[in-house]
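What follows is a set of structures for review.
In the two complexes that follow, chain A is the common piece, with chain B as its partner first and chain C second.
And now, the complex of A and B:
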């Protein structure tokens, strides 16, 4: 049981961090960013390049991922989403744009980094072993703690800074925020950059554990959507809850259902369908959006 | 110069350059060979190594003046199609090859894609070289598919037997991704292990290919305390993570797979934890490689920046196609002639030292010669590189 809980917490922390970026972008711009997984992959490859190719410390790689993805996110918002949102009232326009960006980033990643799986050496060696009741490598513990620290930092930023307050106001009511003097365009770009940066940071963190490859983008986006649907799209606390719930469900399912084959995600998807039938807005979302 | 004169002279210059360059590049007629396989997504490495091997070899042959068939030199052109590991796209790719009049296609890379293209290939007179293992593709009445590598049901028993005799393996556990290829490879492996008298202690655990933490996946497998953990059909992306998780969970037994792996990927993803990992290698070793194989590796690396060990196997399909057509030029546009030639075909193997031959095999597994003969090389990973454990021959 200790092992199941530890695995669930570790998975939940990384999932929550992925979902946070996606839900932030959705809450600010009402855009479902299908390219979120590709941004995660790009972050992983940037850290890989800095650490494995240039031989620089891991922390430099992580900072580089954050900066590169923030710039990419800001550029995507400024030059792609902003004109489309301004000219088209149809939601499917932004969805198609996001899907196009996902394919574009896949192609760019293939050209720049190739098709192979990449990884960086372990940042901490050794394994914590509590009498085989709980086995957890130290690097996973460190990554889990870093992910939780980043979630806490993000919450603090949203709660206590001027930019955070502006973005929360924007998420609650775009028109009202504008009337109150919030620079909507500036904070939309900042929010998109922050969301992309979070995706890049998780990619950078996990490249030491799982490595990174071109094909991880799509499945990562699907899991992120799953989490924000559980927690409630556009709600920060919902994304965190969704991440930890999915992590825990995966850990429990893989242990208890192993004997019946790979049915964990079948059970998770079936449960989600039933759940959404009763509560379509998710755990913490509001029925009116 | 007025606008009309400018337009006229531009059009004339364009037409002249077309005629000039067309004439320059049309010294030899072109022989088109197709590739339909996966070059994007998680399994991209499998198809990309195919495509790049073909492109490298074709560029090399063209540089030497082309391939001589029945006294006529041909430039080899590779026509590639990314099926995205989707059987519907694979069918579309094979139809495109048929529309282009191509009779020889390398790929697809996976079981369902290879099965899906069979009717299109048979109806349009196309011989194809899948890297997929379903026996019904290669056994009569099927006759257009030729297996491009060693199948898991051929390499698996050889590996298990070696480990039983040399490492005293008695108990074996299998874990596979929840996809058609790995699952069928797992079933084949379980059958082979049981036939050899091994005790199969776990064979029901599977995982999603996008799993980011394999600890919960492997826990129940390792609790069954196997001497050998088989990662059935594991992709190069998942192998380092599985090995790392198994070792971090305290597993000290042997780990093997029947798929080809990449030494750099293993080193980056698992480091020294991957030492001792046993896998099927590309069909070459430093001892087996001829000068031509070394030059191929050089040219591939120059063209694409980084070599893939799998290409030691994937260089062969194009060579078999060209050499068989050279042996019977009537096969160029008639695959029935190709099939007739296969039974007796023999040519020097340029990629191996000694008097190794290119021949078609597979009679034992398929009842007819529908497999290219390449050496079965089984490797052990050690400190960032593969070392040859043993070499065997199929059939």
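And now, the complex of A and C:
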């Protein structure tokens, strides 16, 4: 039991971090970032390159992932989404653009890093063992703690800084924020960069444990969509709740349903359907008009 | 206007049934049959996606129904020995029934929320196919027999495909016929009372409901027709490739169905057909570029969105505006 809860918490912390980036971008731009999973994979590969190829310490790799992805995110917003959002008649056009970017990043990753599974050596050795009731390698604990620290840092950023306040205002009402003198374009770009950076950071964290490969992008995006549907799209608390709930469900499901084969996600999806029938806006989302 | 339309349709039918086989026979490029057959079938599935766009929903879950339809047909043919021609409508009906079950809760969602749910649905369909015993897991179902003979009172309507000298041509005709029938149905739906009601849903659902349109019933109906198209396209695909795996239709395929509709234009019944043709041939032509294929393809797609954010058919809009 303790083991399952610990696994769930560990998974949930990472998931919440991925969902946070996605939900931030969604709330600011009303754009569903299909390329989020690819950004996560790219972050993993950047850390891999810095740590395993150049032999630099892990923390440098993590910072490099964050910087590269923030630049990519800002560029994508400035040069791709902004002109398309300004000129298209239907908001769905941005989905086509996002899908195009997802394919593009896939191609870039394939050309730059190849299609092999990549990983970096363990950053901390040893296994935490509490009487065989709870067994957890130290590196997983470290990653879990780092992820939770980042979530806390992100919340602090959104709550207590000027930029965070501006982004929250944007998410609430774009027009009103603009009328109050918020530089909408600047903070949209900043928000997109921040969201992409979060994806890159998770990729950098996870490359030490599970490694990364090219095919992980799509499934990661899908998990992130699941999370923000559970929690409610565009709400920060919802993304965190969704991440932890999905992590717990996955951990519990894998243990309980192992006897019946690989049906955990099937059960999760079926329960999501029932849940959405009663609450289409998710746990904390706002009902739409 | 009407005669012009009839002429256009006549020209199209002649083109696909006579001109294309003739051109292929003359040029000797037999491999084009396979490409064109795929285009025809994919455009049937895209037609379904287009119909959900028509009621104002973004459907990225068509791959799930194509996969389900394919499995229904494959299982019925291999284990129960049912004729393929009977499994084709059965696959469609199964998918339509499934989509009613799934659609009732999820069609209450809108916009990106609906898009996300349907995207997840594709992935879940793949996982289901992997997990269920009847689908034979990752190994899939292989060596499915070719479609058999159909005859009424001793009169052969459709010959046994295994005895044909050129099954590629037969498959081409089969797929094109299916495509023509599906688009004729779609055109009929759009230009009927049902189509007008669907347009009212697309514009404003609350307003439509307030003047007495049964929105809940209509959107489930449109979604199930859409899934029916997905199911038969999937079943036909399985008959041609004679095999099906859980990865036969995946998220990328679902996204492509959506892209076909976008590219062709959402306000035009034959848009998805044009979009499928362009996307599929574009992808095929880029095959020669080897490992840069995906890079060039996606760059072109992004560039297209930057230049024409409202789809290819917005070119015609601009012409109309100048007059």
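General observations
The rule we apply is simple: the second predicted complex is superposed on the first by the 287 of 289 C-alpha atoms of A that agree within 3 Å, B and C clash if a C-alpha of one lies under 4 Å from a C-alpha of the other, contacts with A are read in each partner's own complex, and residues count from 1 in each chain.
The working rule: contacts are C-beta pairs under 8 Å (C-beta built on N, C-alpha and C of every residue); 3 or more make two chains touch, one makes a residue touch a chain.
Quantities reported herein were computed from a predicted structural model and do not represent experimental measurements.
Looking at the shared chain after the overlay, A:219 reaches both chain B and chain C.
In the superposed model, A:265 lies in contact with both chain B and chain C.
After overlaying the two complexes on the shared chain, residue contacts for A:120 are found with chain B alone; chain C is out of touch. Of the two partner chains placed by superposition, only chain C is touched by A:26; chain B is not. Look at A:255: by the touch rule set out above, it reaches chain B but stays clear of chain C.
In the superposed pair of complexes, A:75 makes contact with neither chain B nor chain C. Residue contacts after overlaying the shared chain place A:99 against chain C, while chain B stays out of touching range. Of the two partner chains, chain B and chain C are each touched by A:110. Taken together, the two structures place residues 106, 110, 218-219, 261-262, 265 of chain A in contact with chain B in one case and with chain C in the other. Put simply, chain A touches chain B in their complex at residues 3-4, 7, 10-11, 14, 52, 106, 110, 114-122, 127, 129, 132, 135-137, 140, 206, 209-211, 213-216, 218-220, 223, 250-251, 254-255, 258-262, 265. Note for the complex: chain A touches chain C at residues 26, 30, 32, 34, 80, 83-84, 87-93, 95-97, 99-101, 103-104, 106-108, 110-111, 218-219, 222, 225-226, 228-229, 233, 261-263, 265-266, 269, 272-274, 276-277, 280-281, 288. For chain C in complex with chain A, the touching residues are 58, 102, 104-106, 108-113, 115-117, 119-121, 123-124, 127-128, 130-131, 251-252, 255, 258-259, 262, 266, 291-292, 294-295, 297-299, 301-302, 305-306, 309-311.
Here chain B touches chain A in the complex through residues 39-45, 48, 178, 204-210, 212-213, 215-217, 219-220, 236-237, 240-241, 248-250, 262, 264-265, 268-269, 271, 305-306, 308, going by the rule given at the top.
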